[in-house]
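Each of the next two complexes has chain A plus one more chain, namely chain B in the first and chain C in the second.
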Partner chain A sequence: MHKALQLEPEKCTGCLQCEMACSYENEQAFNPSKSRIKVFNFHDEGRFAPYTCSQCSEAWCMHACPVEAIVINQKTGAKEVIEDVCVGCKVCTIACPFGTVNYNSDSGKVIKCDLCGGDPACATACPTGAITYVDADHTGLARMKAHASQTIPKA
Partner chain B sequence: MAWTRKILRVNLTAGTCTEEPLNMEWAHKYLGQRGLATKYLVEEIDAKVDALAPGNKLIMATGPLTGTMAATGGRYSVITKSPLTGAIACSNSGGFIGNEIKNAGFDMIIFEGKSPKPVYLYLENEKAELLPADELWGKSVWEADHILHNRHQDPLLRIACVGRSAEQGCLYAGVVNDLHRAAGRSGVGTVMASKNLKAVAVRGTRGVGNVRDIKAFMQATQAAKAALAGNPVTGEGLPKMGTQVLMNVINEVGAMPTRNMREVQFEGANRISAEAMHIPRESDGKPNLTTNGACFGCTIACGRISTIDPKHYTIADKPQYKAASGGLEYEAAWALGSDTGVDDLDALTYANFLCNEDGFDPISFGATVAAAMELFEIGAITTEHTGGLEMRFGSAEALTRAAEMVAKGEGFGRDLALGSKRLCEKYGHPDLSMTVKGQEFPAYDPRGIQGMGLTYATSNRGACHLRSYTVSSEILGVPVKTDPLSTDGKPELVKAFQDATAAVDSSGLCVFTTFAWTLEDIAPQVDAACEGGWSPEKMLEAGERIWNLERKFNLDAGLTAKDDTLPKRLLKDAAKTGPAKGKVNELHKMLPHYYEIRGWTPEGVPTAETLNRLELYEQGP
Partner chain C sequence: MKHVIIGAGPSGVVAAETLRKLQPGAEITLVGEEPEAPYSRMALPYFLIKQIKEEGTHLRKDPNHFAQQNIKVMRERVASIDRAAHQAKLASGGTLTYDKLLIATGSRPVAPPVPGMDLPGIFNCWTLADGRNIASRAKPGARVLLMGAGFIGCIILEALAQSGADLTVVEMADRMVPRMMNDTAGNLIKDWCEKAGVTVHTSTRVTAIKKGSKLAFAVEMSTGETAEFDLIVSATGVKPAIDFLQGSGIETDHGILVNRHMQTNDADVYASGDVAQGRDFSTGDYTVQAIQPTATEHGQLAARNMAGHQGAIHRGSVNMNVLDTLGLISSSFGLWMGKQGGQSAELLNRERFKYLNLQFEDDVLIGATSLGMTQHIGVVRGLIQTRTRLGKWKDKLLEDPTRLMEAYLASTQAIGFNAALMK
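On to the complex of A and B.
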């Protein structure tokens, strides 16, 4: 069974603990600018939304890569960038419809979420449960349950 | 490490930006942020300098934990000499700018001199330059923020900025960052504007690393986060209700300063409280509170994001105020509401938006309006002075018009921009100013909470609750409950809170964590990040050293023990209602003993022995 990141923006407070956890896991420094997950602040609406790669099955980035530097981790289902193979051509950043693959000018390679090998640091760090790591086939379970509760006749 | 060990020195007169190494000997004694920047300021300026002259300096300083994963590790402070008080000013802010300065590679930025023309600092990692701000001058913080994001084509740029109030010389203007977080008190923004410095725009991508023992750091910060989450105040009360959770509590205990502190309870408290912010309104079915929002790295998230009722008179024809923005915190709700007698939640939210948009301190502003209202009611101020405005207690119209005038420095707003002390002196009633050392009181009446009287009287930046929040002990029972109506043990309590708070304010963490944390929780986080063996005892000693250094600066600036006092109203006029009915603040019972346990003379001067013990005799570099 694969697991997936479940993002619930209504629970997000915009604290950026996830961005620090992600950058620490991958860059060994607290550096939100190098985070694979980003939190957006829709200021005028008073809303926050975390966003990152959803690990598409038929991943555009993977198919677009001319050097096969993006491969599937069979254990987690994550599409991972093999740094040694990546040539930094950025075609994947164009191919991804969601903008979740990005170029890192410090390394000359692209970076994207790899689910931290199956223990995503962002989900561990999130203080409000806005980011959780759940059964990939049931990311809608919590919402289904909430709506299901409304179908029960009131006593 | 955690310190970047670099500072950026910006000479505005010469137009130069230069890097220099951080003085690590000082860092090991003063930690960072409030303490370390105070040390730099004390060494570099004459304490007697005119606060608005080029000779004053302004320091933006982060702490060693700023920009790390420690919960609330996003704070920065602005340190300078205050034009409002003539004392040391140190205003702390959250938001995201502190982290960005750290990520750009600097522990602090020192601004000196005065630019011949309006400029802003653009800092992108080690690239620092002063750019012309002609197009920004005369614009509000919100407008300038928008212009700068567009000009640099960078949505991730973090900006700290002064508003029109600061440009116009309002003595309690702050420095606003991230649109609605502020280094708000003591006129630090006034100093920034006096240097022709409009804004600081920062983009940092270097990362904060070099943590001394990363494994220990992650363990310590993890345990500390769990403590915040499990605490009823930081885990439930503050996220849900914000600091406004206090409104009804403080009103109940009879410590809610009302109508320029004539009374201690406000009959309209429940209409401007946290609870009121949750009630859906008639016009659009939405409550005042949209959501809670966090500052950088904060797992509490007490910040309020609010909207004003779209049908409210203040914004009916002003679409720019119909979006969500920073809502009422307890201090603002009190000063704009209870202290002026106004119980219109939307009028308060509107005034608060203007305080953010044009960068003036809602505490000092509200308290100054309250003083003006009392002066108006006794006839010392008339509609001739106010341009026709009836400055009566309870008038939402008077409050919101006053905010509009102070924001732009127009009309009677120029008098209100002087602050309560100078306003009351100008109109012949200095006794009506509810200030200490020229700074307006915050939201706790010291007749109902005795320790806060000593807190205010001895605060190094004038009346302030954030220098020793004994409310925590006297009302909330954290860490131990003490009787708010008794002076017993209060000198010891105030000293302990002052020293611990000075240490927390120097770390990069938020003082609100101390509802759940003591130095026993904080020291392990600092110690894992920084070399130097930061035990709770060492942190407390650093706090005491910082407190005494600030005191020394104030004494050198010309303040004396005579300034360690409260307005007569609080010492002579008893509370009229509530649990504190019949009480005045008994400062005289606390102050002499406080001086004694501080190791100060009866004249409030640190003894040679005290200075030696705290190693405060050292000379500059």
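On to the complex of A and C.
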């Protein structure tokens, strides 16, 4: 059973520790601009939304890559960028309809969430439980139901 | 079942692999006319600047990949198709019999009708062989003329400039990348290149090329100017590689005509990728997009239909491109030029080369152009393709288009009010 990141915006306080942890884990620097997870700030509502790659099964990024630089980690199910193979063409950044593959101009390569090989630093760092690493089947069911109910016209 | 795929680019390779998954017992033959292992033209510029070795351009890195998949790869040129006999005739004399045929031959560069274009030493940048030729000649200080500043031209431009060549670019249109960038963005890219020391002539044509007196070539331009160059690289456009279909009865227009199953007018012949005139998501028209994501989308769809999955219908591909011109990153999506009766939002910072233009129809995003944006740009595709109603977020985007990601999250994800989890 693969696990997945469960993101619960209503628990997020916008502390950005996930971004710090992600950038430190992956770039060895506390630089949120290099984080693979981002917290979006809805300042007029006082809400925050952590957001990163859901490791979607369609894997738009992987199929769009012209040089086979994005592969599936069989252990975690994550779609991972092999940095040595990536040429930096950025096609995956426009192909991903979720906007979760980004170009890193320092390295000239793209970056995306790889679930830290199965121990995501963001989930460990999150002090409020807004980011948890749980069985993939359990992510977001309550959210999907709630969201769906909003879109069904009331009788 | 015997499947023959002509063309070993991304579309053909993805189709072959998809067919293998769907039909483990089928006979699959992939025919490519170039001598190398199947490779990506997209990666050629990076080969040109020696960032990667030749193997780095290969579509599949494991040399045994195709053998393991039981896909037979042939290095042959297909000369013609005999539909009645269900055969592809090889230029070397043999024939390949098929039950289903996929044509994924891509495109070929087109030489502009300029006297002297046939002189030796003028190269396209289309094949690995071209790449090797250019890389060995574009030495630091060499005077290089690049004809054409379209998408391919601009990708090569980057590689040529990095090699240290003294570079001049000539483009017929009034801006750079005219088929991907609007006036503002196309001219900002021009300014950027000129700042980087590249000479750019827009609204200019090369009118004649002759042997030079000091350097290899003397070039006359429509402006009356003459200049000499060591090397000329032509990137004035490509066209679908359909010449071999003449007399086959397979219907073509600009490219091969296909329906929403990627099927041609012959039920056993399919076409995909740059050679196919496939459905455009935004317009519903059938056009040659000639972009990588569309090529692989086509390849998958064609393969599913060839394997008998009639339900695999093409919804249409979103036309989109991303380009890195000497470090200035640009992208465009869908109806970036807008639609009559629609609305647009625009943000421009000329000094910092930042630009974002969003196009709406009602409260739905239908297109975009960006310069200098590299973060979360994929949501533009997501919003266009899902035809997400943005509601009040459209008005917020009209005020500040950079809030695109918030608009996306608020419109598509269970956040705050949407989640109904916070009372």
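Going forward, the second predicted complex is superposed on the first by the 139 of 155 C-alpha atoms of A that agree within 3 Å, B and C clash if a C-alpha of one lies under 4 Å from a C-alpha of the other, contacts with A are read in each partner's own complex, and residues count from 1 in each chain.
Just so it is clear, a residue touches a chain if its C-beta (ideal position, glycine included) is under 8 Å from a C-beta of that chain, and two chains touch if they have at least 3 such contacts.
These numbers were taken from a predicted model, which means no experiment stands behind them.
Under the clash rule set out above, the superposition-derived model of chain A with chain B and chain C shows the two partners fitting side by side.
For chain A, the partner that touches more of its residues is C, with chain B and chain C as the two candidates. By the touch criterion stated above, A:47 is placed in contact with chain B and with chain C alike.
In the superposed model, A:96 makes contact with chain C only, not with chain B.
Of the two partner chains placed by superposition, only chain C is touched by A:85; chain B is not.
In the superposed model, A:125 lies in contact with chain B only, and not with chain C.
Smallest inter-chain Cα distance, chain B versus chain C, after superposition on the shared chain: 6 Å.
Comparing the two complexes, residues 41, 45, 47 of chain A contact chain B in one case and chain C in the other.
On the chain A side of its complex with chain C, the touching residues are 8-10, 38, 40-42, 45, 47, 49, 51, 60, 63-64, 66-68, 85, 87-91, 93-103, 105, 108, 140, 142-144, 146-147, 149-150. Chain B meets chain A in the complex at residues 67-69, 71, 96, 99, 103, 156, 179, 204-209, 225, 229, 239, 290-299, 301, 305-307, 323-325. Those residues of chain C whose C-beta lies close enough to touch chain A in the complex are 10, 14, 40, 42-43, 46, 51-52, 56-61, 292-293, 296-297, 300, 320-322, 324, 327, 329, 331, 333, 374-382, 385-386, 405-406, 408-410, 413-422. Residue ranges on chain A touching chain B, taken from their complex, read 13-17, 20-21, 23-24, 27-34, 41, 43-48, 125, 127-128.
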